[in-house]
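Listed below are the structures to be examined.
Presented sequentially are two complexes of chain A, the first with chain B as partner and the second with chain C.
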Partner chain A sequence: MKDQSNSSKQQKPKLTKAERRELQEAQRAAKAAAKGEGNKASATATSANARPAKAVKPAQKSDNASVAATEKKGGDFPHEKDRKKDVPQPRLQYDDKSRVEKAKRRSVVKQTEARNRVELFRHLPQYEHGSQLPDLEAKFFDLYPMHPAVYKVGLQYISGDISGGNDRCIAMLQAFQEAIKDYKVPPEKSLGRDLTAKIGSYVSFLIECRPLSISMGNAIRFLKSQIAKLPLTLSESEAKTSLQADIERFISEKIVLANKVIVKHAVTKIRDGDVLLTYGSSLAVEMILLHAHELGKQFRVVIVDSRPKLRGQQLLRRLVEKGLNCTYTHINGVSYIMHEVSRVFLGAESILSNGTVYSRVGTASVAMVAHAARVPVIVCCEAYKFHERVQLDSICSNELGDPEVISNVPGRMDVNHLNGWADIENLQLLNLIYDAMPSDYVSMIVTDYGMVPPTSVPVIVREYGREQVWI
Partner chain B sequence: MDFQVVVLAGGVSKKLLPLVSHELPNALLPVANRPVLSYVVELLELSNLKDLIVVVEGKDTALNVGAWISGAYADRLHVEVAAVPEDVGTAGAIRAIARHLYAKDILIVSGDLVSDVPIGAVAATHRRHDAVVTALLCNTPVSGPLESVSSGGKDKAKKPGRYDLIGLDPTKQFLLHIATGAEVEKDLRIQKSILRSVGQVEIRADLMDAHLYAFKRSVLLEVLDQNGEFHSLKHDVLPYLVRSQLKSEVLLNGTPQAEENGTEKVISQSNQQMLSQILANASEPTFHLRHELSTNGSDSVRRTHKCCVYIAGSNKYCARLNSLQAYNDINRDVIGEASHLSGYSFSSHNNIIDPTAELGAKTTVGPHCMLGEGSQMGDKCSVKRSVIGRHCRIGANVKVVNSVVMNHVTIGDGCSIQGSVICSNVQLQERATLKDCQVGAGYMVTAGSDCKGEVLTKK
Partner chain C sequence: MLFLLMYLFIDLDASKIEGSQATAKQAAELLRSVISQQRLPQTHQATALISAVRAVGEKLIAANPVELAVGNIVRRVLHIIREEDLSLATAAIDGLELSAVSDDEDDVERDDYPVLSAAAVAAAARSTLRPPSLQTLLEDTPISAAIPHTSSSGGDSEGKSRSVDKSSRGRKLKHDVIEAVNELIQDISTCYEQIAEQAVEHIHQNEVILTLGSSKTVLEFLCAAKEKKRSFKVFVAEGAPRYQGHLLAKELAARGLQTTVITDSAVFAMISRVNMVIVGAHAVMANGGVIAPVGLNMVALAAQRHAVPFVVLAGSHKLCPLYPHNPEVLLNELRSPSELLDFGEFSDCMDSASGGSLHVVNPTFDYVPPKLVSLFITDTGGHNPSYMYRLIADYYSADDLVVKRRPATTS
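Let's look at the complex of A and B:
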């Protein structure tokens, strides 16, 4: 694990001597802790020692590259005893050939690199989308160690049946619940370590199917910390039911209940006669609008949508069924419609520590137009999606979708000018999934901890993000 | 992966009558010198499914099949042979073995399927959509010449309906309508509710149901219990499930999950509802969900279940051995285009000649032929596109074209066999000419006889 971190450090710009010394101290401390850990028969009760053991365990597994990426994607909170956690390891950069080769050898899903890759985004994974699903399907019966529920979720990710931060997170957690239910501790192994390793392998499989979203990373970190905190006196079945209950509580408190609280706060911001604009389809925003309508407020909704997914159409259908007054437009018309709008409600995939809002591509543009027209922008996001990472642009970390869906319009066979784009060498198609909105555009963030300005996000992450306070 | 495999090996079918007999049941009919059941078993073994239940009609047949299986696959697979009474139909067969089924999903394969479609793909599609049934569809095989001549009797007016009418949704993932051969003459009836929910139905006549289904076990057993009159899976159960997919009456989750494990896992009712609503609003709601949500407000909750399909790629081979014509075609294909299925390696002349076979002088064996072990051919013979079994004695000047000759056959000099099937232990005396005939086991064709399109069996 240390070799890995060293080689990956070489990619970053040279650390100063003090930082390198600090890193070395932290690694030595971790090694000593791990050795002391290994002498004991099972995981110790104190979470401090369990954490390096847990962090080291997944790293010592064979497929450690992607798991390390998951682990460190969340980063770890500073703890008195292990300072090495201060510096999160960089994620797997896909333009580093040797690490990509290593990861590919261990991978379950066979990926073929896409043709005509965009140079600027070479550090992100870009694969041909057509062949993944049939290939994974054909291997259905070969992958015995994979739990069927996890496999099913992986298939659903690849085929696009489930997309959207909340849905993916819930599907993954429910699959883990089932996997835990069917899990049996092998003899002479401790439940904590073995289960953590198993969850790590499931997570790396899911990453291969589709890169994790930030909320999923937080949920996985929560699950691993809960496993580590299990007292040793519990029997196997008690431990399993306790973990299942924890997952259930996470879903119901951090997602379902959080959305209800957000709705309660945000409807106070809607007055009669408002014209509200939203982009794409966000669960929180939809619930706010429906609740406000139930309360009898009179307002209009403008839904801005964009290709290729056209998620706004489903939101439109659901709102119209409930009787709301809706207008629908595409993103090329947003600057025209902004003059009529009094407030903008947006959803988010995640909010980062410097107040940057990371959400579906196009959201940043809508917020910028709103800012220019002096329309307040209200972002609604559950607190479990907050992250202490800082991102200044949408290039260093993003996700690339299938370029084919840009090149054709469903239902319009005559619009086929981009057929055969892959053969043209100097033509590259880029389908970005996410973008980053600077905090200046955001007037207020509504979370389940209340209505806060964007500068309060690191406070929430720090105070409420510790694993003791998760649930 | 929580799947159980059931192979329906049938018994002694009437459609293949001169070829099959009490000693040689359907399942053991040789295709390219291998029993047809071996193709299914090999396919399952390739997909890593080592635990099978083989259902055979009739006790003696079951013993026969069981003996062969344990001889051939004793160490590699774990096979349970179950005998059911004759003529119960495929649904009855499943009812009979219901107590052996415990996995969450059941894969039901017909024993006469010759194919190389990856079974994992069908199972994965089934799981991905959480479907109640998933059917494998393949392109209808193009049948060779001599279509209705061999089907006993000169009934040219009655064309066997070898194709099915399949209704698919625009994304080609869900099965909206299925009508099998015999019903095709009458009108086609499509549920209006299905048409309204989906919007667009594509009806195809070029796809064939390959009789490989993945069923959810609880639903299958429930349907069979409630409808005791269902006789066949393909003709009764599958259309029933497809018709009722938007008005589902089957209990999808087995026992209701009212009881928890006694911990503080208390989820309030509204939370649960909201959770299901969140998941229902997931990206691409299928027409099932749209139908469910749109009928909200009525007191009875409309449940729906999904019937999915997996369409085999056009480069995969898939055929069912359910008629004499199919027998000829499959034999030809397995040594011809689909030669990778036969498992043999081809010689340089593109045919398979067993090393112990002896060929006389000036005997030619053309491409796409197969010669079994211990067979002897006389001088000046010519074999074209045919399969010859083991330990045959073939005289001189014999022409065998487009035919299947099974084991231990004696063919006299000067015979000419075209487009026929000759079963085991048959003796053909000199200068017999057979064209498009089927000769049952143990028969003796007298010298100089000239038969066209006949079925010759021992009385």
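Let's look at the complex of A and C:
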């Protein structure tokens, strides 16, 4: 890799190994300082790409060639350096005023800060929801730097038309496919770097619409690494088609095919006479239940739902239409119903390296009650959603949704005590989107790499998270 | 009086009376009027009163078995009758014994006795080392057996004064019982203040309190702490599907407390930053378990996981002498599914021929086992869940656990 090219350069002056190492450390420090902290979407792959600050173009060419040639180096030397890059970049904390100001100046979307902010979540963005939507819709045709497909996806995020980890990820990748198709390299610029910068700007726009989910972050890292790995001998159109094919393959292998493999594994855990409980609406779990029903297994489903999104109702409708026997309750009633349940199947937004399952708020409560009643909890999650970050509780990192939906209960006109809540001085409303479930509540995780315990997640992240296995 | 009964039945049946306190008060007032209108025979007044109260009580309990406060009050009144009867009997025996000694002191003694109310005597009896129930039973029976014995073996010289004594005893019994029932009603009304007085011992500066749904006891408790200038924050979980948490949050914010409303699903996420969970109860069972609004078992489990104290506030009229057998089913009420699902939206998917069945479960109450509760705060102070069964001995008699009118046999 890098040290191969460097050492081949420096064999002429004959530096000792220690001096070479010193030189490389100094170079890396210089590049890290030059790189700066502009990137919110953490990209260790981009750091690999942006490294040639000192080493000029020819070195970069050989760099890329050798990168494309072989990955695994014998010996520990490169692995140590790679491991230092593995530390995930710290994310933007919103109580850091100077950085928030900088971000605001660069932003496309004008957000107004929410009134009555909750103190505990000062480190997360709290904006008035929906206020920027009409403004953005008006600007749809004049926003030159933004590709219309990406713009459309951003609007769909804001309005809530697309929600759910997989859907958002697929929509974003397809929008990027469109953008790449229409992309033209400006003269005097290299395809790799310019395209990466463009993707970076699209990503910033999407973040302003709605903070990235972890699966989306991983997909973006994959895309950037693919751009970095493009051999420079390719012409522009060939590069573009290759990237589009890569994205297509990512979607089909990491999402669609992965779900099929998960279903195949998990269906073996359903027996006749089971009562299965699920929370909210997860694609993987829905596919499992439908497949088991097609195989002719006799079982009952309990769907637990909660406010404010009430996604369980849509799942309920789809399952009843397909002929499953369903019971529906709300999350407060989960202790009541847990006595009848034999297995719990849950979906996840992401699984972190310490085994914590990061998922829709309320999942942790359901798993806790199941654990107290000694009911096995099975989490179904595609491997592309694993992440090397760690988290201990749900406060350190989360997403805050629109507080208005808490005061408005749809369909219940009698519950209107909180109308005009923003004017009441001491009152705040908190709408958390995610929560973190400790790993001891989880009996088993079903992924496309098989059925593993929660302790195997960092192993999968490390061994299979490298660029080469994301293909 | 019959009309009163009917109205109470209808209201109980329709669960229109909100809150155990109101129900308990109404039941107590009803029983008081039953007692005052009851005509007592010459002998065995206590038995007559007991059977009258039992008859009404049985109907009250049957109207809404899940509203345990009604049953509690019925049993409390029965216990009061027995205790008053007992104390009058002990007073009578003491009076008799003394009268056997000397006649002069007799009148003085008998004049003095009305001063000592039955409640005071009962309290004195309680404060003297109350031995375990078996011994108390053994002590009781000789006295109650002795009363008819001594009264029948009294000399003729005392005969006239005895008959006067008996009728005045009958009136006294009623009078004392009604006085005691008035005290009971008074206790029920003031239970909020007595519980709220203890707030300042448990809530300190810069604390974060979590609660779910709405309870008047909790509201008074938190406001009492606020009055004493403790500044703290409150997270209120909304308590679907009734959303009482919204009301409570609005009240608390109006009284100047920093309040945040969260959804019930966010309880596990937020509880890591909470110092104490304070909730009200629907009823407290004999083993220290709590029948609480739905969702509180989940909160109690989360509190146990994060080592957060789970404090239950309950007036003494909520203490029930029954043991909870299968409480999720037997002591629960399932409400209408329309609170969860809209019938209109889902009627089509229920009609389709190939569709599966659809059940909706909407329980009202949750059972919280005693090991999850850290502390009970009642109007008699703070108690451990393992202590609650002792309080039962104070308020209830063992004979009254099953409130059914016995076929007319012995007392």
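FYI, the second predicted complex is superposed on the first by the 384 of 471 C-alpha atoms of A that agree within 3 Å, B and C clash if a C-alpha of one lies under 4 Å from a C-alpha of the other, contacts with A are read in each partner's own complex, and residues count from 1 in each chain.
We take it that contacts are C-beta pairs under 8 Å (C-beta built on N, C-alpha and C of every residue); 3 or more make two chains touch, one makes a residue touch a chain.
Quick caveat: nothing in here was measured; it's all calculated off a predicted structure.
Within the superposed three-chain model, A:Leu232 lies out of touch with both chain B and chain C [touch as defined at top]. In the superposed model, A:Cys396 makes contact with neither chain B nor chain C. When both complexes are overlaid on chain A, the residue A:Val118 reaches chain C alone and has no touch with chain B.
Legend: residue contacts after superposition of the two complexes on their common chain; A:Gly164 is shown touching chain B, with no touch to chain C. When the two structures are aligned on the shared chain, A:Val459 is found in touch with neither chain B nor chain C. Partner contacting the larger number of chain A residues, of chain B and chain C: C. With the contact threshold set out at the top, residues 321 of chain A are in contact with chain B in one structure and with chain C in the other.
Remark: chain C residues 238-241, 243, 246-247, 249-250, 252-254, 256-270, 272-273, 294-295, 297-298, 301-302, 305, 328, 332, 337, 339-342, 345-346, 349-350, 352, 354-363, 366-367 touch chain A in the complex.
Contact residues of chain A toward chain C in the complex are 118, 120, 305-308, 313, 316-317, 319-337, 339, 361-362, 364-365, 368-369, 372, 393-395, 398, 406-407, 409, 411-412, 415, 417-418, 421, 424-432, 435-436.
Interface of chain A with chain B (complex): residues 134, 136-144, 148, 151-152, 155-156, 159-164, 166-167, 170-171, 241-242, 244-245, 248, 251-252, 255-257, 259-260, 281, 283, 286, 309, 311, 314, 318, 321. On the side of chain B, the complex with chain A involves touching residues 1-3, 47-49, 118-121, 123-125, 127-130, 261, 263-265, 267, 271, 274-275, 278-279, 281-285, 294.
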